[in-house]
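First chain written, first letter: the chains are A, B, C and D, and each begins at residue 1.
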Amino acid sequence: MLLQTSCDFTFDITEPTPFVLMLRPQSGANQWISSQTYEIFPTTSVTEFTDIYGNLCQRLVAPPGKFAIYTSTKVITSDYVDEYPGAEFVAIQNLPEEVLIYLLPSRYCESDRFSQMAAEITSGELLGYNQVLAIVNWMRNTISFEPNISDTLVSAIEVKERKYGVCRDFSHLAIAMCRSLSIPTRMVVGYLHGLEPMDLHAWFEAYVGNRWYTFDATQAQMKGGYVAIGYGRDAADVAIYNQFGPSLHPATQHVHVEEIKA
Amino acid sequence: MLLQTSCDFTFDITEPTPFVLMLRPQSGANQWISSQTYEIFPTTSVTEFTDIYGNLCQRLVAPPGKFAIYTSTKVITSDYVDEYPGAEFVAIQNLPEEVLIYLLPSRYCESDRFSQMAAEITSGELLGYNQVLAIVNWMRNTISFEPNISDTLVSAIEVKERKYGVCRDFSHLAIAMCRSLSIPTRMVVGYLHGLEPMDLHAWFEAYVGNRWYTFDATQAQMKGGYVAIGYGRDAADVAIYNQFGPSLHPATQHVHVEEIKA
Amino acid sequence: MLLQTSCDFTFDITEPTPFVLMLRPQSGANQWISSQTYEIFPTTSVTEFTDIYGNLCQRLVAPPGKFAIYTSTKVITSDYVDEYPGAEFVAIQNLPEEVLIYLLPSRYCESDRFSQMAAEITSGELLGYNQVLAIVNWMRNTISFEPNISDTLVSAIEVKERKYGVCRDFSHLAIAMCRSLSIPTRMVVGYLHGLEPMDLHAWFEAYVGNRWYTFDATQAQMKGGYVAIGYGRDAADVAIYNQFGPSLHPATQHVHVEEIKA
Amino acid sequence: MLLQTSCDFTFDITEPTPFVLMLRPQSGANQWISSQTYEIFPTTSVTEFTDIYGNLCQRLVAPPGKFAIYTSTKVITSDYVDEYPGAEFVAIQNLPEEVLIYLLPSRYCESDRFSQMAAEITSGELLGYNQVLAIVNWMRNTISFEPNISDTLVSAIEVKERKYGVCRDFSHLAIAMCRSLSIPTRMVVGYLHGLEPMDLHAWFEAYVGNRWYTFDATQAQMKGGYVAIGYGRDAADVAIYNQFGPSLHPATQHVHVEEIKA
């Protein structure tokens, strides 16, 4: 399907404020960027670089006053999400090198503390895709999706205790459990067509059957319409913006995703 | 200045033909891509990757029939080109690692054969920027710019003998001489506002005074309006498209650059 | 000084066990590897790769039975550690790209939770090196170094509560606080000449005054004799070995560091 | 087999001379470095970095006077070279990204000028491995191996005209022809056990049947005992040393390879 996505922010800046943004989706295995805009007001010197995960990031110093970022993308993405129950666990020695980092624990995914819990939840499952599916199903039944209650970033351990969370919390807990089973798992941040309420979204990918498969524990049914902006070990790596200096909240933030019919 | 650039190709394809394209300019030190489009007809599966020089490349297999590629970019680029006569030669041991590769000879820049010639042309010059300038000036006086006579790719040695060439020939000869003086030099392919006749363009950058400076031996006066698409050691690395299988020429090719006044 | 280092492990393997090892120090800014050995018994197929931080890692599957790894290095390292009180904080916009990742929170360094504590500890200090020094001094006075009490990996938050720890705990807490002040900080694992009791060691580096400086909160006086094996965001990234499958402890482990006098 | 290799150079330096060396073989798919030494006299500050092809390179400035480099390696390498007649040509669209650069022409391999010649030599052959073999056989019958006549670096076109050459000339001509057939091909520099006369050696690898295969047009029979030091597009990329400033020849150079029997 052809989607039009947009993400806009405005800030009231009181002192020169360095930002690192991650707001330029790239063409990849599952999506083709046919058009995009990225505008900043007032015009500011921006440099772009590629981070260690391959994401395009933008650096700038926002000047005092009203500061606005407008981005939009026209992107061709898949109508459905590949699902492959039975896809096999990949033995560590057969994993591609670039995938190994996604086995390690990370800030919000303390996979070193979830071995027993993940083993119990996936007990009796075929190793690989089906284990991930069992984790996703367990989460849907156990953790309450509360898209509007997002204060600060909490980690998988804290999500497990709270028993509720936003999309990134769902991803963190699922990732922590998958990694504890030696399944490489990474976080994705981006857009999802039809998300309610519309916002930026987070989901995860697990490497089984020799490729990455998409999972989203917040959705009862997997549908197409995902647009990835960034990949990383967890939310610490794929912040849409990191801002330095005194803490700052957007004055306004708008996310919009719309299908363009031929 | 704010420029609108476009580059379109059509091909008549007779058998499935693999392409590697380099048609997506990136934001960088000197330019900010505020908007871009990249469309392919008929719709074809495309994957994008980053080459070893950091350029974004697109891979696809063109199906038989009419095949079209339309790209356009709105880009903020500098109104002038930084010039800095006197910028000093950087001793090899002080060069950043990523710059070292641009000291080596390459397919069309046989720098290992130009030491004596480059030494003569730059004799008496201050080491660094001024040597590059002496080479550029020598070229303007010695090599005839013939933008319409482009058959096949020729190398610096051949350009020196022919004494005429297109923009990439000028770059190759200048690069070969600069590298023979141990000045890191790289080729840039992209757009130039006001180029006559309008076409894709090639120029070069030399690393002196601890940064890259832009040079263009085809222009009597350096002006702003450059938009880089790709960087590499020479034209072999920065082809706008590489096509595999039986040789193929574009049925049509259009390049357009226009200033957008506020 | 010229050091001879060695690190040997033996394991009793009961089933084929995948390992990712990080046991080959590389020559770098502060050390030159003049000789090294790396032997594995029984002979096993090993592949080596470079991780995203630039560390050399070795992958293998240990066969059942006695399994041994012997490594040793002759390395020229500095007689002293560069110290530079007053080295300035580097504004985010002036940091090299490759350093930015070391601003982010990580598994064992929850820098997003230490802003207030770090601000208090470094209150009144000149921004940069002196803030790091204030943190190191606070740790020496507050956290008890207990090199022999190492059960499982604990994070900076847990170390702060326990008030004791091993070398990696000291690093984690210091790193978390430095990052919360927007100072890029990374963990180093390796050898330290004269360490008591001798073992593998962990310390950290902070990026101030436009370069990395070495800090070690476990040592009352900084001396030379550090040999780095790996760099990363925290202990999750620089494990000397990651082993997959049922948990396994070394049957024997020996670390030795000796100065070779000319 | 277990080999002991060594390569030593001495130079008489008259002024401070920057070097970039490539003398540290790495463990890889086909070889495991179990021990190595790398010593420089007089002791000089050296920094090591990884180039864009993944080779370890060493930078230093040689001081005036006698300057010596001693390197040796104990390496486990294969007893034989994998041969696989019939291994298939890989369609461009199926090549891994990192292999694409080895399709491009380079300084000493003007593959853009060899299409017709390569097509004739490989006429009737199965696409892939067998084409490479036909090129190797043609070279053995046509080009005379003259290991002692090495003046300056010449390119594939020049080798074709001369009809004689050293090992790197053989590689360059074979690489140029393979690439003109859209087979990714790369140069390897290193050691070969039993080479007569003993010296550093050059050979090449072609990517067919979804992996790299080793070829050596200078050897009537492929045997094991190859130790790779560096990989690149051609000799410009894999110089054992690049020296800058007034040209300089080694006062002495010794290469030694010996099998260590158990």
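Rule of thumb we're sticking to: a residue touches a chain if its C-beta (ideal position, glycine included) is under 8 Å from a C-beta of that chain, and two chains touch if they have at least 3 such contacts.
Small disclaimer: the values here were computed from a predicted structure and weren't measured.
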Chain A to chain D, fewest steps along touching chains: 2
Same-site or different-site touching of chain A by its copy chain C, using the half cut: same
Chain at maximum distance from chain A, centres defined as averaged CA atoms: D
Intercentroid distance (Cα basis), chain C paired with chain A, Å: 29
Approximate Å spacing (C-alpha centroids) for the pair chain B, chain C: 43
Whole-Å separation of chain centres (CA-atom averages), chain A against chain B: 36
Shared-contact residues (touching 2 or more other chains) in chain A: none
Pairwise touch network: line, ring, star, complete, or other: ring
Pairs of chains found to touch, sorted by chain label: A-B, A-C, B-D, C-D
Complex contacts: residues of chain A adjacent to chain B: 26-29, 32-39, 43, 46-48, 50, 54, 58, 74, 76
Partner chain A, residues of chain C touching it in the complex: 18, 20, 49, 51-53, 57, 59-61, 91-93, 97, 100-101, 103-107, 109-110, 112, 152-153, 182, 236-237, 242, 244-245
